[in-house]
Amino acid sequence: MTLRNPPIAEALPPVFEERTPRTGLAALILGNLSTSIGLFVLFLLLLIAIFAPWLGTVDPLAIDPTLRTRPPSADHFFGTDKLGRDLWSRVLFGTRVSLIVGFAVAVAATLLGVLLGMVSGYVRVLDGLLMRAMDAVMSIPSILLAIALVALTRPSVLNVIIAITVAEIPRVARLVRSVVLSLRDLPYVEAGVVSGSSSAKILRRHILPNAIAPIIVQATYICASAMIIEATLSFIGAGTPASIPSWGNIMAEGKALWQVKPMIVLIPAAFLSVTVLAVNMVGDGLRDALDSRLVKDV
Amino acid sequence: MSLLDVRNLQTHFRTRGGVNRAVEGVSFHVDAGETLAIVGESGCGKSVTSMSIMRLLPENAARSAGEILLNGRNLLDLSEAQMRDVRGNEIGMIFQEPMTSLNPVLTVGAQVKETVALHQSIPSADVHDRALRMLELVGIPDAARRMTEYPHQLSGGMRQRIMIALALVCQPKLLIADEPTTALDVTIQAQILELLRDIQREQGTSIILITHDLGVVAEATDRTVVMYAGRKIEEAPTATLLAAPRHPYTQGLLAAVPRLGGDGSGRLAEIPGQVPDMRKPMTGCAFANRCAQATDFCRAHAPALERKAPGHIAACHLAEPEILA
Amino acid sequence: MLKLAFKRILMTVPVMFLVALLVFSLLYLAPGDPAVVFAGDQATPEQIEMTRQRMGLDQPFVQRFGTWLLNLAQGDLGTSLISNVPVAKLIGQRLEPTLSLTLLTLVWSALVAIPLAILAAWKRGSLIDRGVMLLGVAGFSIPIFVLAYILSYVFALELRWLPVQGYKPLSDGLWPWFRSLIMPAAALGAGYVALISRIGRTALVEIMQQDYIRTAKSKGANPRIVLFRHALKNAAVPISTVIGLGVGLLIGGAVVTETVFALPGVGRLTADAILRRDYPVIQGVVLLFSFSYMLINLAVDLLYPIFDPRIRY
């Protein structure tokens, strides 16, 4: 120890007033408010879709000519349509179609898009051809492509799903391809190549894990877009068959009575918009969460 | 009176992990016509100090306290509009990245002229002449033609000359150069440093040269401030500092410089350990965890700056002051 | 320069060929036998066979595609199965409402969206910014026909300010024409505005963090100069790109909008053709829309060098 009396620095006052950082639940909720709301709404809709038969509904296809276009009442919460069918039941059962189509298209388009994107990004011989094909598909506006595909088939929910999936695949394929291209030259991927791993193994072990976050975000947006396209197809009469109640169908049938009973259109419209909004909010929340993970503190 | 007098500057950032005390009580001054070096590792607060002087840090996340006196006027008290009159006019600034610091969609002439037009109400023909003369001064060959070109058509060294031109065209009294040569080739580095020296001689500009390169410090500066973990830990005339550093950190930095004709082992000395987290409260000397000679006293009490020799101050309990007659 | 631009134009030819092939083979890609679908469920095997011959489905694929391409090159898009009118003529008759609707929508959307993007980026993190972003999500989430009905409910049924449906050609005068398009253009443009303002804001926010913006500030430029002189010109490329890509939304949306507001345009023609399974019409319309979409985006590409001197073809 020194013998002299060395000068000691004084601590300086804080420039910012100290604020205890938010922790726990508060941080979680405030940090991801829109994601939480979106997830909550989607959960609610999932429950509605599963338990539709037990939520005070009747057969959504049951026609009652004596009860046509009735206003809302205790028996018919949302009233009845022009054939006397209970609107509440039809709207609740319609939830099923939207959720199934949205989810199925998101999963199918993502899986196929990942496959095509990886092949394109990794097998150089096929890249040019595949990407020109994707360009061609993307040159056709997706609603138009789906319309053209469905128009040629018998209306069914499966055909609607297939048609929308075809239109959405290029979005995922291009995204995955760009991630593969940006990653394939990184040292750890190159190391895998040098050490003799097979291409399939490198893709699975190294590239897929890095691509997964943006793919999930893209999948939520595809889910939202699929719900809108399904409703649009049904609305112009080229989508879900009339025998299955879907929000688009209900609106299509309400079209004729629009000037007299606007509620028949507006109620399913509200359900559809809220559902798509919820999916988009989840997507935005996920994207922000992923973005901020990449941005370091100053 | 000094041209610039920074007193007890603190600049803190609000981050998710708490308040980052990036600059914590730094004082220094710059005299007219002088070149001051601020050195330290990346993250030591040297760039934050310069951005604090210019008040260019994001207002919602960063805040400064203390005093920054330019000709006796505290820049921290100025309104944003008054501060804009200072930037580019009384203080010019050049940055490390000449490739990205110029706007890619505007011609270099337009970018140099803009500085003039922002600060002087003179006819546009005069603005043009001023810009042209400045470009010639910084050594742009065929300057009239170059003015109509875009940054991507120029080399890195040329772009840095353009940066110098647009920072100095209003003849500011102070130039802050933040790592101006780091991104350049060695030969270009020397040319740029020489250019800065020439302009300084001609216009009497004071320069703050921020760098981590002690070679640049030795070549181009009068006096040196060493920063560590947001604090000034040593200051001396450059020659003195390089010859007889008092702080163990400065000694470590100097030992890390490869020398021609060294012992041939080819190994650079490294300073082991890491810079402390400046979001955490600090007790004792900030360098203690990396200092080979640190004692329990060092770890318990932060050293204040102390005069160790004439014109030479350092913050270290272990560096004994020279006994002065 | 011109030579390179020409090369860029030539590059789209293979993609156009692929689009043509795709549109043509949709008939084969779709599950089920198109002849059966077209003839209807009650058709006898003879009727189905007749339909097959009429649609040319009995000929080999390559031969049919070749003939179709040759006709296409001469401007012959085939003949409607329902009305026996040439598809090109059908489309020609319906072009005015669709062009009016899409152009009007494009103009108002860009005029609204770009200032919104600038405002949001300028006041980043403020209530205005959040409002614009929220508007963006909402714009993506409300299907065009839903918005169309809401507008129609408020402004036509309740307030009676605007006609519920119908189109007035330009020859009837500018004001009636404009009045008949206000609601359709508003409904069609909402998602487009959302897209442009959102992408524009993101681009501007990113640009505002660039080194050259710091340089501009260090020269003493005020926020207005920084934003309008230094940032906006750099955002021109991403903004014009998204305006071009967003035309896809307008084209798809036109089909729906024209149906809701009973506008006699190409979109309505498409919807009708789908319901009647009038295949040549569907093919022709899809091809026309896709080619226009490609050419618009090609034109945007060719504009890039004006905004950004670093881009050369």
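We call the chains A, B and C, going by the order they appear; numbering starts again at 1 in every chain.
FYI, a residue touches a chain if its C-beta (ideal position, glycine included) is under 8 Å from a C-beta of that chain, and two chains touch if they have at least 3 such contacts.
Since we're looking at a predicted model, the values are computed, not measured.
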Requested in this report: Quick one: label the inter-chain contact graph as line, ring, star, complete or other.
Outcome: complete
Report task. Consider the two chain pairs A-C and B-C; indicate the one with the greater count of contacting C-beta pairs. Result -> A-C
Report task. Could you grab the centroid distance between chain A and chain B? Build each centroid from C-alpha atoms only and quote it in angstrom. Result -> 50
Query raised in the report: Using the average of all C-alpha atoms in each chain as its centre, how far is it in Å between chain B and chain C?
Result: 53
Requested in this report: Could you tell me the distance, in whole angstrom, between the mean C-alpha positions of chain A and chain C?
Outcome: 22
Requested in this report: Flag every residue of chain C that touches chain A in the complex, lowest number first.
Outcome: 14-15, 18-19, 21-23, 26-27, 29-32, 34, 37, 137-138, 140-146, 149-150, 152-153, 157, 164, 248-249, 251-253, 255-256, 259, 270-271, 273-275, 277, 279, 282-283, 286, 289-290, 293-294
Requested in this report: Flag every residue of chain C that touches chain B in the complex, lowest number first.
Outcome: 125, 210-212, 214-222, 225, 229-230, 233-234, 307-310
Report summary line: Listed in rising order, chain B residues that touch chain C in their complex are 54, 56, 60, 81, 84-89, 92-93, 95, 97, 100-106, 114-115, 118-119, 150, 152, 163, 166-167
**Report entry** Touching residues on chain A, where the partner in the complex is chain B
**Finding:** 1-2, 4, 6-16, 18, 21, 297-298
Query raised in the report: If you look only at chain B, which of its residues touch chain A in the complex?
Result: 8, 10-20, 22, 24-25, 61-65, 295, 297, 301-306, 315, 317-318, 320
